[in-house]
Amino acid sequence: MQARVGIVGYRGYSGAELVRILQRHPLVEPVLLEHREDAGAATPIRRTKAPAQLACDPQVVRSEGLAVVFLATPPEVSMELAPALLGAGARVIDLSGAFRLGTPENYAAWYKAPHTQPELLAEAVYGLPEFCRHGIPSARLVANPGCYPTAANLALRPLLEAGVVDRAAGIVCDAKSGVSGAGRKPSLKTSFCEVTQNFSAYSILHHRHVPEVLQVCGLEEREFSFTAQLLPLDRGILETIYFRAQGVASVAALLDIYDRRYASEPFIRLFEPGHTPDLSGVARTNFCDLGVTLDAASGRAVVVSAIDNLTKGAAGQAVQNMNLMLGFGETEALL
Amino acid sequence: MQARVGIVGYRGYSGAELVRILQRHPLVEPVLLEHREDAGAATPIRRTKAPAQLACDPQVVRSEGLAVVFLATPPEVSMELAPALLGAGARVIDLSGAFRLGTPENYAAWYKAPHTQPELLAEAVYGLPEFCRHGIPSARLVANPGCYPTAANLALRPLLEAGVVDRAAGIVCDAKSGVSGAGRKPSLKTSFCEVTQNFSAYSILHHRHVPEVLQVCGLEEREFSFTAQLLPLDRGILETIYFRAQGVASVAALLDIYDRRYASEPFIRLFEPGHTPDLSGVARTNFCDLGVTLDAASGRAVVVSAIDNLTKGAAGQAVQNMNLMLGFGETEALL
Amino acid sequence: MQARVGIVGYRGYSGAELVRILQRHPLVEPVLLEHREDAGAATPIRRTKAPAQLACDPQVVRSEGLAVVFLATPPEVSMELAPALLGAGARVIDLSGAFRLGTPENYAAWYKAPHTQPELLAEAVYGLPEFCRHGIPSARLVANPGCYPTAANLALRPLLEAGVVDRAAGIVCDAKSGVSGAGRKPSLKTSFCEVTQNFSAYSILHHRHVPEVLQVCGLEEREFSFTAQLLPLDRGILETIYFRAQGVASVAALLDIYDRRYASEPFIRLFEPGHTPDLSGVARTNFCDLGVTLDAASGRAVVVSAIDNLTKGAAGQAVQNMNLMLGFGETEALL
Amino acid sequence: MQARVGIVGYRGYSGAELVRILQRHPLVEPVLLEHREDAGAATPIRRTKAPAQLACDPQVVRSEGLAVVFLATPPEVSMELAPALLGAGARVIDLSGAFRLGTPENYAAWYKAPHTQPELLAEAVYGLPEFCRHGIPSARLVANPGCYPTAANLALRPLLEAGVVDRAAGIVCDAKSGVSGAGRKPSLKTSFCEVTQNFSAYSILHHRHVPEVLQVCGLEEREFSFTAQLLPLDRGILETIYFRAQGVASVAALLDIYDRRYASEPFIRLFEPGHTPDLSGVARTNFCDLGVTLDAASGRAVVVSAIDNLTKGAAGQAVQNMNLMLGFGETEALL
């Protein structure tokens, strides 16, 4: 028997990607939960069967027996909906930033708004399976990581744990994202004519995804310089990460750290020395691709980390978390 | 001394293109006329001199002595503004569809709204210089042609005049446009992620630019099948026009018709047999490029017509009209 | 037990798409067959298992027991390889134009080269399952259809069979394709800087895919005007097809013809009146989407037909044919 | 009377851009000099006047009285041609890397080939007018700077001169370029389908443009980490430059350094605090746009530097140099 799972925000890019992945998941039946403007928009294709569309309320959760509800909604909507859904017996995977940061104070500082559910924030488990797998199977509420921090944390934390990064010299993370990362709501900034043939930086040094990296990697803000940039393409994040290496003499030694840490991780792929990931290689996959360059004489090191922002950076990782929560194979519907 | 000219709607794509062209025009000084939400948005560049920004009202027209005012506004705004601007002594070049069609009835039928200025409509001169050059120099109000009709009329009318098109067999005009043709106002349809890697048709057989072709070419609606389509690129229109040729035996004969008709036209370029225009060739120019293919045995003929929708299809042609109205060289600032 | 199937030309775009589809096919194990420059290029990803790479020769076909070999090669290579592969006991699905046309004379006229395997040409079955399903299961050699004709034939043949197309008035097929249709071999015409922000027509009235439409639809060349055009995007074909309708009074009547003809076809999707297919909707799918517009008064009709040129236009349809040949479910690995 | 100038390599992207700029230069008449495969390709447009095409040899230089010859050629071709052209009395502006580095040893180390013209190398003047304007008017041979170093040097040198960069902490320059920077020769790496919807890094830490930055800024290689990356767009370079600031307490203080250094520079534009340059803003212009961000508490600083790689990064800067060499206004044909 298939587990029934709900999706709120299914018309956004992350939500639509969730539907796409879950529709081919053999152990799950997706149900669309209409919340405000989400309703409507039946397909124009004749004789098509679309997933069921129901109201997003606790009664539906109970009567439909939804095991999990995905929230692909803005943080303020997630804070509003999560308590009732949990109260109705569903477990929640939230794709927004609402439950990712450690304290209400930290949330308020980066999101410029008060946190209205501090108890749920305290309970939430950060859903980066490669580093938090332990807590996910039993979690009631999983905070699905941000897209930028996923690529950065997977690249940096093994090296920081191994002590080969000179933190005092500072780490630079130059991040580039496809436009779908900005969401589906129309705006001049994401209009075709403004983006095509263009490239620009935003939130230089102050992006609200930064604290997720500080938190997972144990870094101070002054040690980590982050810039977000908008690529003229649909989907994908590539981060070029610069640091001063210490105690390693070769690319092979750096790769060896990754190889050991990620030996049994199904979604991390390492590139041979002299090769480097690109966005085509991860498009529509749940992989994080990592490539390493080192100038041994000076210690200058560069790691390139690539993911699909809608998959490993959002919907794919959310399904990975659901698989862990429901006791399915971790890669189900994701390979 | 430079003529002073005003621009309303300078933040839209056609309006911005007008500013760009007029700033390099040696005989003209552009003035931005703020209308409603147009205001604001000073440049973020330090120490820059931008054109003056003044209120859009008759008093400014008078006190500044504006010879011409360009309206790069929606038709309902153009109908609202034109009378007062003309009353204040300016001549008006309107880039909207407000004054292009012959009768208020025709306007109402295609624009689904009543025409509020029927007398001005009767007075307006259609600003396609290649066919209406006679009336433009003395016009008070010029209706700048639509982008799609400009490419179609320049391709079709010489052949229709020469009698080499079998009208009974029907003419097909398959038109493709860059996204800037849809204007700068954000919408889901022109969002980057919806347009990139995509291509789609719209207004099939019913686009409101159709009557401009019927009018200029003297065609019946049943003789002319038109489809508009959205290309994943910024600017440019390419139309592939199919008809049954009669009374011509070769591509050379068709080209000869164009050669004679356009011998002294500075903005029409003809392609040698076997060659065909593309959008790169006309980007940021005021040219209309034409290429012809003929299967002599069957009479099947294809004309490819390419323009930049923001230049020859809008702002460039508007400046061409201004040059004629103010007695300047027709190509000033346009080559 | 899985059937083993070989792929020649796996580094081209169609060949790589074949590998991608076959790797997720539960009933098949793909084997890469190296032919000339195809060899090499192991993945730069550490610890990856790629499909086996073997020499492309009859002995391998026999020793590996390959049930089917796909040829994603130019027509002259397909003509060279097919006899030996068939002789070694494999069945062949050829993605080139080598075996699609009815006679060696027709091939020579359109491909400007002699056909070197006239007996195989006579034996080959045209692999458009929606119209040739009968002959495919037992075929030794299937000629997989061209991308452009697939979209055109699926749109036109039901209407022609129903007699609602006025053939004397002529049919126009204005076709637009993504760049992958031109193959992977580098050329100036498919260089990024030449294609991006550009759009152009080629092979106007003389594309070598035309005879596949004439053949399947029973049309004369003089009745069918076809233009191919290059879109600035990766994959997808959209054709806008114009004709004069006769004996039908509404879009509903046209849709009804399709509905009946395609009632049990898994890969044809029809759009409700007022809606029209786009390329995003078919990307990376084996669907052909069809939408219809009719001006009942004049009989002017437009059908928009959209496919992914690499899937339904090449590799997907080839797997559909393989499924039929090997007695698998027709949609296996394709939904 | 116009000066006559020659262009070798006019079919490449930089060469074509040179022709485009020089055709609108009022004081210059361009002559195309055919070298090897450059020949041919008359325009398909009827009745067009193209610039004269002559053989590229010293006799032509003399008989035509060419004042300047531009070499838009690979370094080995520039080394081959420069001596004879200089010998024939022309002055040479070389757009390749042949004459940019200080010593033959340095050239050999970075370009992996011996330098065949060490005496000319010693004589050449590095053509970055903002820092080398003194030597350019009288130079016989100008080495036009590389595209990446132009953006980096204009951003970094004023700050290094002012002593506000903590060099020991290291400088990171994360550079992104449009595809035209790779030249017009077809290759798989610059094929449309490989580039569109993709983004990738190359020459990480080892790009041969690095020594031009070390040279102009007086940096050691170990102090400067540089990565080049390929954007899915035609033209433009944006560099995101990270360093640790010292002795400055605000963005205003950093901007003040630029303001003073560049007060009379026509092609440097500074962005107000909180604003940042993008590629659209510099496309088809000779500007270098600079924007600054500073976290005063930690000293983390980011400068964004944007140019058009074909204009300020190549052809535009070459014309700027020509203007200085021939005593014209420096901005002639460039604003």
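Read from first to last, the chains carry the letters A, B, C and D; within each, the first residue is number 1.
Everything that follows uses one rule, which is that a contact is a pair of C-beta atoms (placed from the backbone, for glycine too) under 8 Å apart; a residue touches a chain by one contact, two chains touch by 3 or more.
Everything numeric in this text was worked out from a predicted model, so none of it was measured.
Q: Following contacts chain by chain, what is the lowest number of steps it takes to reach chain D starting at chain B?
A: The fewest steps needed to get from chain B to chain D is 1.
Q: Report the chain whose mean Cα position is at the greatest distance from that of chain B.
A: A
Q: Would you mind pulling out the distance in Å between where the CA atoms of chain A average out and where those of chain C do?
A: Roughly 37 Å, centre to centre.
Q: Between chain B and chain C, what distance separates the C-alpha centroids? Give it in angstrom.
A: Here the centre of chain C sits 39 Å away from the centre of chain B.
Q: Can you compute the centre-to-centre distance for chain C and chain D, using the mean CA position of each chain? Integer Å is fine.
A: 46
Q: How big is the gap, in whole Å, between where the Cα atoms of chain A centre and where those of chain B centre?
A: 46
Q: On chain A, where are the residues touching two or more other chains?
A: In chain A, 194, 196-197, 232-234 touch at least two other chains.
Q: Could you pull out which chain B residues touch chain A in their complex?
A: On the chain B side, the touching residues are 13, 179-180, 184, 186-188, 190-197, 232-234.
Q: Give the list of chain C residues in touch with chain B in this complex.
A: Its residues touching chain B are 169-170, 172, 174, 176, 194, 196-202, 204-205, 221-222, 225, 227, 229, 231-236, 238, 240, 242, 244, 276-280, 283, 293, 295, 297-298, 300, 302, 304.
Q: Enumerate the contact residues on chain D facing chain B in the complex.
A: 44-48, 196-197, 255, 259, 269-272, 274-275, 284, 289
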